[in-house]
């Protein structure tokens, strides 16, 4: 079966590089084709990379707390760029402070993210969701 | 001025001896005449000692959590024994667990204690209250 | 009259006492020794305390154990299950209420009734005698972790019968350690004799192939107890237990707060216990150690309490104790909720695991160990001497004469002449020697250490120093410096 | 082009740049150097960072300091007041938001507006540039504790101007430590030059009798950074600062978790910084140290987080660091509430105070110190060599060639060839040497240490070991053992 392509990166002015490097490693190991944009990635960079590589999903990391501001409008820009319906995930420490994650999830759902992941989610969980959402058989 | 007499002791099956020894020291230093009954003191022992020494106050310690059971009826027994109106204090860890102390105070007030003191009250506070309640001038 | 001896209780004598003991409360009638032995033999390995300890000792790891007990069976099961599952406890306790500890079973019964009525535990522990053999078995069956009885009972004979038959595989206490800190009027001969009964019963199970762990209670009054005192007690209680046939013993020590002294203490405790056991012909006893997180007054603030808990955990791990008894962030306030209890456990687990691979090798560690060795030997050897070779008899005389002297003990049989205080590094030393049988060299050492502190604090050594030290940790320090 | 030099910026050149800097955002216009110097001179002693540090150094005590910052002035004052009063903080921070750190003042402005609208901070820190000199002064006036700017800003020139004029008396950062861990595309020449500006401005205040404390940022990426790497960076940044006239410097180090290695690291850090400063003719710099509690991933459970916080506190106290930067029980989740922040502080205060009178003297301490000394000297001396005696020029070349190589750094200018991993005792060693300029002896030492662990874990040393170590503390261990 053909490899699915993921675009990953850390959005905004965020420089948390450790989780990003580990996700790259884990997704590659799990058989994905991973385009890693690293840290401090703008919405435009995510979109351009996804178009260029004909990606199946965009996985946005945000650790530093300002993710809520940085992520606004990403879904709309994807749509405008012709990436209608592309799978959009967000994870890390995506809001400021310890908040009820159900609430947080709702806010990001409303912003157009298919799934959001709470702090410290292990890569296994992300991979399971990807397999399911991208209809990958074992 | 004449020294005021205090009867102190740890009620019930309680063997916590440290606070009791320190209170003895502190009250004596502060100029009281202190009758120390030590640990494992029954209601009867408190009352008998108070009668014998013509005491001005009975200070009950309870640390081990079962104080609520041990203290029931003490005021009534004092009254019966002719110690009507004697000053009654209770202090230590007088109930089981971390409870709202306002609630606890109410329960012990209802049981006839003039004052109750939360865990870890320093002797200075006890002494101030005694001075006030026994009308001791500085 | 002082006719106690460290001799195994003859079977007929034991059986005669036994008959009386089982009559002390109706639930005693349900104890059937043979059936109980079968019950124990059928227990899976992971429910057996002694096995888990031996395994930990071999692996060099430190297990964690809480204190916990409430009045009613279902609530107690719920509590222990929570500590097992959410607290990651390796070993479980059942703390017994204070009426049961004083054999006041009628008041315990009353407490059970009141607890049902009020919908909250009105007892500070689990009244195991009143709940009886079947009540205890419900606990053993419900949990997947070994259970120990923890109490403070001068005469624990009936409690032992019932909880052993009930399936408990470990038992805390001893004739000295559960008397002087826990009683006011009980003569030493009496508790030693009553605890010989407990140990003999343990020996009988052992002879039938059921190894129940016995743990002399290490921290005593928990308040500035010098290691040599609690070590002497632990060693003597180990000897008394071994004579009755006990084969699996955990000796304990309560944290003092100075890292080097605490690590030295745990290492010497194991070493000397083995030494004295072997010297006295008990060659097949397996000795493990337990380190108690700070047993004195705690800070009321929970964040600060976590600091105290963690420092105890770090010391336990660095000392390589076999297990650590865990405090909770509610310590200063009252019996903890199960959540607070589990928090103490998880905090401990984190620290223990982070330090599992590290060792402590301070430059003054050997010095400190040697000092504790010498002091402890002075006391234990003097006890033997007083008893003309018999440690049971010697112990009674040693307590009477202040050779064994426990600070702040409530018992009127305790001399209370010795006064401990911290030195300038926070190690616990002796300010007032009382009748401790120390050599002049040891006395000099202590005097010098205390003098050093007095000088640094620009005051003379006095009872005020002791008081300041009693309060210190609860006020956020180790050494009770003069208030400024 | 690589024409950077470790030379004091000439006044005219400085003034020319200054004019541009103050124009970067409208609030720059309010900076008046002479008025600012008068403001500083009028500050009471207890509000001056450098004085409090010198005092602590002389007394041999360890001060505690949180991290904290929110978008709006009043909320920020409330937060800091709480940490001062309820957290018992000895020193206070003002953490700057991430837009300001990237000089995106327009986005910061936007964040301020959003925060007002939403009624909660939408920025992860205090946007000091936007709030301007008068905004900063409101903080200084409201608090009774010295304040420091803490950030992560590659080009911090305007931020420095505004916060210095605003009355801050300490400033974190440096041309290496606030570039490689905090930026992606910023060349080293640029940050070194921009930080020479910051240091020169500090020097100007110093020359006018106002001693502002400067603190190179020690922990770098906070993730398994070997001491020799962060020590090299600290020493170099101290040299760069001293050249510009800075006289009060705090060098830092992030906890690795192994007690002996951490204590050794702090002691060597102070020693070597002094040594290199003196060797280079800077004889009147006062050097203090800061120990950062574990800077990598935290456990999500708060009780476990308290364990990590406490172990950091214990190590800080035993290492005799001048101050410790405190984490909170919310670390894994997000920016802490002020209550959680104060809890971390109080927990730390308890442990620090309990250990204030104790020292650590492990048998392998000197060995560990000597190893860190040798490694650090290899790196710093190589940097001098690459710069033909000029440490600024040498540093740029050292980064380029991987002589200075920071693990997990996001910067594309960082080599990223070196890989750290823990040894079997949890000390951080080097698995993959990259281009570190180590002697064969040092390399052998690291290989042997890693091989020992690999053997104990029955697997070969690989990147999987590094990953396991990255997760380890958040999963409750120090060494990332293979999952079983």
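Order of writing sets the labels: A, B, C and D. Residues in every chain begin at 1.
Keep this in mind: a contact is a pair of C-beta atoms (placed from the backbone, for glycine too) under 8 Å apart; a residue touches a chain by one contact, two chains touch by 3 or more.
Being a predicted model, the structure only gives us computed values, none of them experimental.
Taking the definition of touch as given, a chain qualifies here only if it contacts chain B and chain C alike; none does.
Path length between chain A and chain C in the touching-chain graph (shortest route): 2. Each chain gets a centre from the mean of its Cα atoms; for chain A and chain B, those two points are 65 Å apart. With centres taken as mean Cα positions, chain D sits 54 Å from chain B. Our note on geometry: chain C versus chain D, Cα centroid distance of 45 Å, whole angstroms.
In terms of their C-alpha centroids, the spacing between chain A and chain D amounts to 30 Å. Looking at chain C, one finds that none of its residues touch two or more other chains. Looking at chain B, one finds that none of its residues touch two or more other chains.
Arrangement of the chains shown, judged by which pairs touch: a linear chain-to-chain path with two open ends.
Every pair of chains in contact is given here: A-D, B-C, C-D.
On chain C, the positions that touch chain D within their shared complex are 257-260, 299, 301-304, 306-311, 313-314, 342-351, 353-364, 424-426, 473, 476-479. Those residues of chain B whose C-beta lies close enough to touch chain C in the complex are 12-18, 21-22, 25, 38-40, 64-66, 68-69, 93, 95-99, 119-120. Those residues of chain C that touch chain B in the shared complex are 97-99, 101-102, 104, 107, 110-111, 114, 120-124, 152, 181-185, 221, 223, 296-297, 300, 330, 332-337, 340, 408-410, 463, 467, 470, 474.
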